[in-house]
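One chain, chain A, appears in both complexes that follow, with chain B as partner in the first and chain C in the second.
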Partner chain A sequence: MKLKTLMLMTGAAVAITPMAVAQDMADSMTIVSWGGAYQNSQQKAYAEPYMEMHPEVDIVWDESSNEAVAKLRAMNEAGNITWDLVDVVASDAIRLCDEGLAMEIDPDDLLAEAPDGTSAEDDFGDLLVSDCFIPQIVYSTTFGYRTDMVPEGVEPPDDICDVWDLETYPGQRSLEKRPINNMEWALLCDGVAKDEIYDVLETPEGQDRALAKLDEIKDEVVWWSAGADTPQLLADGEIFMGSTYNGRLFSVIEEQDQPVGMMWDAQVFDLDGWIIPAGLPEDRLARVKDFVNFATDTQRLADQAAYISYGPARKSSAPLVGEHAELGIPMGPHMPTAPENSENIFVYNYEFWADYRDDIDAKFQAWLAQ
Partner chain B sequence: MSKLSSTGEQTADAPTPEDAFHESATLEGRDKEPPHGSGEGGPVLAADGTPLKRSLQRALRREKLRALGLIAPLLIFVLVTFIAPIADMLFRSVENQIVSDTLPETTATLQSWDSAGDDLPPEAVFEALYYDLFLASEAKRHTRLGTRLNYEETGLSSLFRSTGRSLDDYGELFQDVLEDHDEIWESAGFWYEMMGTTGDEPGQPELIEAQRDRLEALTGERQTGEIGFVPAAAIGEVLPRTADAYAAFAAYAALEDGDTVAEEEPWEAVFAALASDLRRDGAAEAIAGYDGDGAEELQAALEQAVPEFPETTYREFFLEEDEDWGSLDAWGTIQAYSPSFTPGYFLNAVDLELTADGVSAKPEGQQIYVLLFQRTLFMSLVIMGSCVLLGYPVAYLLSNLPMRVSNLLMILVLLPFWTSLLVRTSAWKVLLQQQGVINDILVWLGLVADDARLVMINNQFGTIVAMTHILLPFMILPLYSVMKTIPPSYVRAAKSLGATPWTSFWRVYFPQSIPGIGAGCILVFILAIGYYITPELVGGTTGTFISNRIAYHISSSLNWGLAAALGTILLAVVLILYWVYDKIVGIDNVSLG
Partner chain C sequence: MQTMPIPRPPLVSFTVPMVAALGAFFGLFVGIANGSGILGLAIGAVAGAALAYGLASYVEDKRTGRLVTIAVFAIVGLILGGVAGLVVLAVIGFVLGWAVYWLDRGTYRSTIPPYAKSGEVLWHNTYKFICGLIFFFLIAPILTIIPLSFNAENFFTFTPEMLSFDPDGYSLKHYRDFFGTSDWQLALRNSLIIAPFATLISVSLGTLAAIGLSQTHVPFRRPIMAILISPMIVPLIISATGMFFFYSTLGNWLEANLGFSQSFVGYVKIILAHGVLGVPFVIITVTATLVGFDDSLTRASANMGAGPVRTFFKVQMPLILPGVISGGLFAFITSFDEVVVVLFVGAAAQKTLPWQMFIGLREQISPTILAVATILVVISILLLTTVELLRRRSERIRGMSPG
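Coming up: the complex of A and B.
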């Protein structure tokens, strides 16, 4: 009798809980992302499976990640947050956290454990660079070059300093129109040891030194501000080599079959992930938490790699990375985190650039305008 | 071009000077009739007996009100959605309340510090900073201030962020000693009773209200909830710093966290404050004379715990946490940006900077805005000029060709006008780039060597070409509408009187088309000066405008104050040029059709 009551109660509780939870959650969710192939990979890997499980949920996508910080600040000032989940790069997540615009999270509380029981905090490890940031992928900024424009009898470029070697590798380059990454590469090729780069870059002399190094190729550089620029310039044959995000280059090489090669040397790792805007109402917050827990579990992050060549942020996802969903090629070797690609890497120095961004950017822009 | 007979036909329908003469004659006749009820020399009266002047005024006023009522929806719409946001945005260019809102006590005590000397601010400033920063970091506002000050002095962003994380450590030094001696210091209830009053003792409600105001300044929201704590006056005299710190804690716990003050253990800052109060000169006498709640415990703490307190000061704590707190520049910046309003953003916008020693020029390598303003003006003028050169003949053709041909031409003018801006800009990229259509043709024709292809994009030339194309319709349309109204007979008349084609164009036709040129120039120039996306895409490094920097500061660096200052200057420049234009050409000589 007693046992039966208990079973009945448990059964009732099990039956009631999902309903009760469902009632507390909003049925609509606005997710902000970057658009293009990246957003597509998120839709395929996270959103569609989630909507299959929860048919009542309606997900609206907003392609505003590029201006997410400014727009969130404006929304916050207006007191009307219309976004539920925002995809941003780690440096933006840090700024949003600093400004109090993103919600602080407890990874172990919010995020799923790895299948082997490792806590989320350990599974993400060092990638939790801010108290508000939920990492999704590791991407890198690296170089692609035209294989058909490599002069005859010369090895293809495999060293970051080949960017500066205009004699061996003639042709234009494209670099991002901001100091971040370019200054580091310049100092590295000016003979500064890798672990001293930020000590040098802190000083005005070091900044001038980096700009002087960039001066050597300034006339041959096309400056880009949108991630699609370099792939387009490569495809048009406008440039010999240029920096961009590794996923864009993968798409040029494998999906569009252009004569372009990857140069992984001194690639700069950066992170992209979610933040939850601060001040969401209860029901929307509950829905977002539920979605984030699902979308950042080990399997979902590994699934995303089938659509785009960015490395999953969880350690436990790496062994699960399989083949490209359409091309059927193994994705492992195309990941920036693959051992043969990551022999010489940089990691975006968030702390340094949070401090020096305004100052060095002013110098960099003044240098550009001269 | 045309025959004399056809000219005669046309003038038959047109109004002639004789018509005007007849009309004015009939008008004069009407005036001569005596008006109703007019007396000799008295005021002219209307039909109802009121003076005509007043009656007319009343009628006019009614008319005006009705007109105002008609445009009211538009006027309100424009005010609310256009003028007000712009005014708000421009206001940010001088607003700087964040420093004094976040660090009110620090900025007040820092006033008397001499930034030109070699000494760091006195201990009192560091003490004030500790409590200001503690509250700010609880409210997560210290990083926002760090971001703000980092625009002026590199490194302050991480200074505030990292210091905010370790503020607890200083309070814990004293908290540990106190709690080791007597566990009662861990009790939230004991603290609450000691610091507060239940009503029979005199209280200091103004202390807690001050904290409420402070929280409002800090978070931007007025919390009206009950705090459930009234500071006692007696303890406030004995332990002034502690009373302040506890009131700050109580207000925050109750209003922001929604906790019950009596159940919460006070912040580490309260322990730090207690330590300061116990070690201050005259503390022993004050506590000996105090007999309220916690008198015994305070006496015990004074005798036993205080000698064991670590020998440290606020200043030592800050300098240990980060040596940058010992930087005179950092303190100079905080002092220079203490006032609620600052000229700093405007100075930055013209390559100057506000330092502790006054205004000085930015380092040479960082001067960019004056150059960009000049470039923006120069390129806008060039674009405007090339629009006139290209647009004038097109508009002339449009207004003089037969209807069927001119309609076709009009469609050709309007077609790109209806095409997306981005598409047109990208099309220019395809045409002008080094592997692009134009270069390919030139190489194929043998005019240009394959390894010396022309650089026509990602520089000023590319921007001028693309923007001239994009803005051309804004020049052609007003020109066309003005030229359409110039009677062809005038030129024919000039020719028939012996003028050469050039003279008849230059002396007769051109002066009549000037209002169209004026309107087109104003349109094109003002549009060009604020252009942003085309220079960004095809401007490279030498073809970018000031608006690209404004966009950068709005969306990337989040330095909205500087963006607002740059925008205000740009607006002022446009208004001044408009005024100059009005003085030289006269705004009445502008016709939009």
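Coming up: the complex of A and C.
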């Protein structure tokens, strides 16, 4: 009896509240992101200033970006979309856009202009890889290594092919448990020219060639699947070198003070940004649009770089990148886009992977199980 | 047990080799850790043999012998390996010193009848040893997380400072993180809202179902029982997928027709889902207590004019209460530990502790999770101890009262 009364009362109380404050924009917003240091940077740079301007808004964070595609599909099917704004990598944004699960946007209409009046479309430029995608950052996947495990009398590794050089640099490596990036690096070190890699990788022979190259180090590889794995393995000293996102390595080196160095050579650039789920009710959509306009303006994108070493997606933000919020070190040199870091970069080909992902994934998984 | 003095086993052909073997076993591990397993094995065996001979022949008093052994081992450890060496060798010294007297004084036979053959004695002690090992493997993983949760670093790693017991290697920062972060506090609050309500639902429905199903005149008792217990047997991921679609529809209906807010409906969905998951545990424990319940009591009660409801609360309920409570405890823990269904049915506003731990583990391997785990372990121990004490108390009281 008591329970029932209580629940009914709570229900009635909760039901009355929204009516009293009914207005054009919803007061609560669920934002989906990646958790960890990255989500923290978004909270500090976007959400907290926004909530200061709009104290009535309540933002809930959901760390589900990893399975965003699957969950959005299920939500769409169940007709119960609880997310308002979703942070995904560019390739997921392309998939969601193709399936009609993400809303198409007009950058010039939705997003703010640069301070000098450049239109948003020009300011983001090539990074607008999909009609639904609102880019935030450029991040890279690169290698970090234990500085104290470099053998004596040997230069620290500075070439992507040092990953394969088990004689000079003994010790285990960690690589991501998927073909993307690994196949490209393998071919690069097998002597394929950078601009021919995707041509070679299209052919079954090319794929076998990449796997054969990976075979050389397979026994020494620990496979990771979460971004936090490589930092943990490096901190433990279980591996000599491993690939992960550059922001994670920055955190290990500068914030956690571990003896780890960055390699940067042949780092692979990728994009991360927002999508708005299709089919939001009017009031929630209005709120999200307002937030996105604020959170992707030039200053906000530059502010984010004070918390994590990812490059802002707007050209106009680059000059505004300042110092780390807590450590006070200049963030410019830690950006993957900084000139000294990006001497040799590798640009990830979305279209290729959209077409070949399933085939190569199957082949790669079969190879892993051998 | 038995009062007959146990004959001392032969020293040179029994006690010395046994202790030497034990010493060799420890020596092997210490040796491997320091680079040479064989050398460690040899040193361990010699040390064990010498210790056994020395103690058994020259030190009559057990306590003195054991303390001296621990002290000598600890000092050697301190010289060779610092504080860490001291601890490791002190533990080894304790075990070896104990083993010498245990073997030499024949204590190992004390719980076995004197006519048992050596094979039987060996088996009895091996059996005890295996039980000890099982216990160790159950407990050790839980115990390792406790020191790690006081790590000063942000990784799941025993740092050199921690291993040498340097105070700088330890900190409470992960506990501060837990109590100071709004994410963790929200998760804790949600768990504390959801679990009790889910438990209430499971306990009331489960108890009623168990009582109904224990009546012989109920038709289709077995199929009904099987269906009610199925949430425990069906893989959770399947229940979770089904629940996701079912409760989405239900939630949409509640929001559209009754005007409830999204967050309230979110709680209702998870509470109902967890209630369903908890029901089988309550049914099983209550059915088990009902087996010992004497049905003539309810008939007697009815005979004296009490209605079924009164009979239930005054006669039946007090007698089956232990089953209801332990079922409720299981239901509470199920809801409190559950992550799969919450991930499906819940929205981010209803993030529970296991959900927060799950994402914390995947996105950011932070020892805050270990701090939370330690807190939960302590709470579980306290909870179970309290329930056990209450149970004993009620048993004692009931034992004294007539009837």
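Here is the rule we go by: the second predicted complex is superposed on the first by the 348 of 370 C-alpha atoms of A that agree within 3 Å, B and C clash if a C-alpha of one lies under 4 Å from a C-alpha of the other, contacts with A are read in each partner's own complex, and residues count from 1 in each chain.
To be clear about the criterion, contacts are C-beta pairs under 8 Å (C-beta built on N, C-alpha and C of every residue); 3 or more make two chains touch, one makes a residue touch a chain.
This structure is a prediction, so every number in the text was calculated from the model and none was measured.
Student: Go through the superposed model and pick first if A:109 touches only chain B, second if only chain C, both, or neither.
Tutor: In the superposed model, A:109 contacts neither chain B nor chain C.
Student: If you stack the two complexes on chain A, which partner ends up touching A:99: first (chain B), second (chain C), both, or neither?
Tutor: A:99: touches chain B, not chain C.
Student: Based on the superposed arrangement, let me know which partner A:283 touches: chain B (first), chain C (second), both, or neither?
Tutor: Touch partners of A:283: none, neither chain B nor chain C.
Student: Check whether A:36 is in contact with chain B, with chain C, with both or with neither, and answer first, second, both or neither.
Tutor: second
Student: Taking the superposition as given, does A:196 touch the first partner, chain B, the second, chain C, both, or neither?
Tutor: Neither partner.
Student: Looking at the overlay, does A:361 come into contact with chain B only (first), chain C only (second), both, or neither?
Tutor: first
Student: For A:24, select first, second, both or neither according to whether it touches chain B, chain C, the two together, or no partner.
Tutor: neither
Student: Have a look at where A:236 lands relative to chain B and chain C in the superposition and call it first, second, both or neither.
Tutor: In the superposition, A:236 contacts both chain B and chain C.
Student: Hey, what residues of chain A end up touching chain B and chain C alike?
Tutor: Residues common to the chain A contacts of chain C and of chain B are 66, 236, listed in rising order.
Student: If we count contacts the way the header does, which residues on chain A are in touch with chain B in the complex?
Tutor: Listed in rising order, the residues are 66-67, 69-70, 73, 95, 97-100, 172, 177, 204, 208, 222-223, 225, 236-238, 351, 354-359, 361-363, 365-369.
Student: Write out the stretch or stretches of chain C touching chain A in their complex.
Tutor: Chain C residues touching chain A: 153-157, 183, 197, 200, 244-245, 248-249, 251-252, 258-264, 266, 268, 347-349, 351, 359-360, 362-365.
Student: For the complex, which residues does chain A have touching chain C?
Tutor: Residues of chain A touching chain C: 3, 7, 10-11, 14-15, 17-19, 28, 30, 32, 34-37, 39, 60-64, 66, 74-75, 77-80, 82, 226-229, 231-232, 235-236, 256.
Student: So in the complex, which bits of chain B are touching chain A?
Tutor: 140-141, 143-144, 146-147, 150-151, 154-158, 161, 363, 365-368, 371-372, 375, 433-436, 458, 536, 540-542, 544, 549, 554-559
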